[in-house]
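Everything below concerns the one structure shown next.
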């Protein structure tokens, strides 16, 4: 059933799928928002684990734990949402040809984003950032923009892929 | 770079990827919400096109057009969001093996959802519903639940895939 | 004061109140979203109570508790919102005549939804589902659609009222 | 079926229903938010109708119309939401005895709120404010707080019911 | 750079900055929403501290703590948002001349709102209400509306600045 | 009244105000999100004005206008929200000493953001971007991070201030 529907899809979208020029409405896609959110997830996990080093938690610290978990939840969701928007709206035939594994990468970001919601593991959050950086590198490549890596100028001071714009 | 990261992903998630039992937190996934939203998109486009049959629009009808466009926007977004949640949280290795084209189907839902936001074409909205029904059929199949098709009991009276539960 | 205003209401809406055909904008109402949300509330309470069986909670389990409470909160709110939309937008004079106690039922759903936010009692969540099922049964009856009950095909495996569409 | 479930409801909530003291979590209910939102709906309709007095609309005026319709939509929804929260969370047995028609009033607010979304009629928006004022009067009465009416100190300069607090 | 841009700003807005009559779109600003939210923050902190008086928390009480923290978070954010809207949309040259310290007051509300999210200190929540009351007093003064203070007719029974409208 | 409250504020926050190290919870602030949103506002206005060049609008183009206005509204609000978060949470005594006009700049961003919602003027949207760039420059300066300007690598191809991180 997938094949016949995809054929129908080709009929309807035609030219759109053959060209990257149609990413209406605005052609503005920038993975920086997802990257900042992924950094935030790492940061919240660091702050959660600082609380874990205490023998017991005061009422105020329990409240703080609850806040940190909520922010982690919101930012991990934001990572997933921002990446899906770029993948779902911007990636079309030419980008898929350049990066045939991109759907698998996006799916891994979904799974890892979920894992970051479910767990308080720093390794998982670092993996999430790595996957998002990898996505950003692919994205900028499809735009013909070179990238460089640098340590982000705020905690958690991890490595981020930036576009080379100067 | 994708391959080495995926290997690392396997290390971290291990058992989780090999089993469908781990779709924590709640194991409750139901495509009915996406299907109702897709039906709504068709309905809003029908109502928009009814306005288009008039020679000119009164102020009240212009206001109504603006409302319909907004609701179409919101519901097309909802279709995309609901499908991505199931794909991103529930689909793991066994489901991908059963439905190797599922990521392409999800991406087509993204593109068609966007097209339904950008256009007022009934054909595109019908296609969106077909793709979502196809996704629902695959989803219920992974659950071992048979499906049947029926006309939904309200406008736009289109065909919907339902799980056979009796 | 209520009587004079209601009279004025009749003047303004006139025909609308005497007919069920005017549930503009889209005539698409489906209690399935509320039912899935009610099932989710039961599920979150089950998962919360699983945590309660442990002697003490690790930091990760405390974080998980916080997540489960938040999701329970969001889904109980969703049950209330979805039911109020159908009651407030779709129910008019003919539906009230067929189900004169429907406003009390809706109010009970509000109270029970609140109780499910405030407590972690499985009995209250089961009651919420029962009330929502009862509302669904009344709703489908006003549409002239028969219903059947079945166990939902995912946890918490509770009984749900579905429309008979085949 | 309603009767048996309501009986069960009594079993579970017991004391809660017999007392107004249990409006946990915070006992803070204030209809002022709904009243301000209802005033805003009137105001947006006034501004929409100002645009209607022009022979034709410039592009900027069409854009402004779209904005006004959206704000009207959002604020009419807010009226409905705020009233339902007070009715659903705060009103229990003693309040229903004092105001047996309150559920009908709330339902009228739902219908009139919907009508204000669907139409650009000033009469309907004035009716919405009247109904919300009537609700506010009943609410403050259950609190033993007297009310007075005054013209609100900003457009649309309509009559509002305020609590007498000095 | 600020000076040249401000000059350009004057060019573009011109008359708007010299007059308070242009607070389009609706001229409806009312600090009551921010005041109710600030009262709610105090209330949630009171309820949190009631939990703190217990020797240990049951699972249900831990869940309740998590809920209270979340509501505190949401309402402190709401205080900040509501105040910024009035400051950012309504305050222009004449209001700044009448209240030259208003930006500092608004910034203090931002800081204190953040502190109320981060802490469970009743003193900080009382300070937040005081600052919001002070803002309300300034706001009503720019409208030429006198104010009075009264104890709010619900918990936490704190002093609130109200407009004198009778 | 402002002075006495500010004194009280100093008592309560003490050390916090004297140091920039306390921007809890996460110390992650990045104006890039506001900058992308400001670029989007320009882009939506460009697309709106393309529609304005047509003699008359088809139904589909009227729908597209409504969508563009809504996105412009959402993104102009996002600019305002993102800037206020940085100003309200991160700026404290040392940052105010370095940039004594920052509150006026933020207020100008509020006014210009509102103007971009109310109008379809490209000049106003360019001004909004300039003000946000100016804010970004000040922000990075307080972090000791140098900046450079470059044309953003997507439409509307305007100048953006970026941190120098290599």
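Some notes on this structure:
As written, the chains take the letters A, B, C, D, E and F, and residue 1 is the first residue of each chain.
Here, a contact is a pair of C-beta atoms (placed from the backbone, for glycine too) under 8 Å apart; a residue touches a chain by one contact, two chains touch by 3 or more.
Everything quoted here is computed from the prediction, not taken from an experiment.
Least step count on the touch graph, subunit B to subunit E: 2.
Looking at B-F and C-D, the interface holding more C-beta pairs in contact is that of C-D.
More than half of the contact pairs at A-F come back, by residue number, in B-C, the repeat among B-C, C-E or E-F. Farthest chain from subunit D, judged by C-alpha centroids: A. At the subunit E-subunit F interface, residue numbers used by both copies make up over half of all numbers present, so the two copies contact each other through mostly the same positions. Spacing of subunit A relative to subunit D, judged by their CA centroids, is 41 angstrom. In this assembly, the C-alpha centroid of subunit A lies 21 Å from the C-alpha centroid of subunit B.
Inter-chain centre distance (subunit A to subunit E, centres taken as mean C-alpha positions): 34 Å. Subunit D and subunit E have CA centres that are 23 Å apart. Contact with two or more other chains is made by residues 25, 62, 66-67, 70, 118 of subunit E. Checking each pair of chains for touch leaves A-B, A-C, A-E, A-F, B-C, B-D, B-F, C-D, C-E, D-E, D-F, E-F. Against subunit F, in their complex, subunit A makes its touches with residues 25-30, 32-33, 36, 39-40, 43-44, 47, 67-68, 71, 140, 143, 145, 148, 150-155, 162-163, 165-166. On the subunit A side of its complex with subunit B, the touching residues are 1-2, 5-6, 8-9, 12-13, 17, 24-25, 80-81, 84, 87-89, 91-92, 101, 103-108, 110-115, 118, 123-124, 127, 130-131, 134, 137. Interface residues of subunit B, counted against subunit D in their complex, comprise 59-60, 62-64, 66-67, 70.
Chain contact summary for the complex, subunit F toward subunit D: residues 48-49, 51-52, 62, 65-66, 69-70, 72-73, 117-120.
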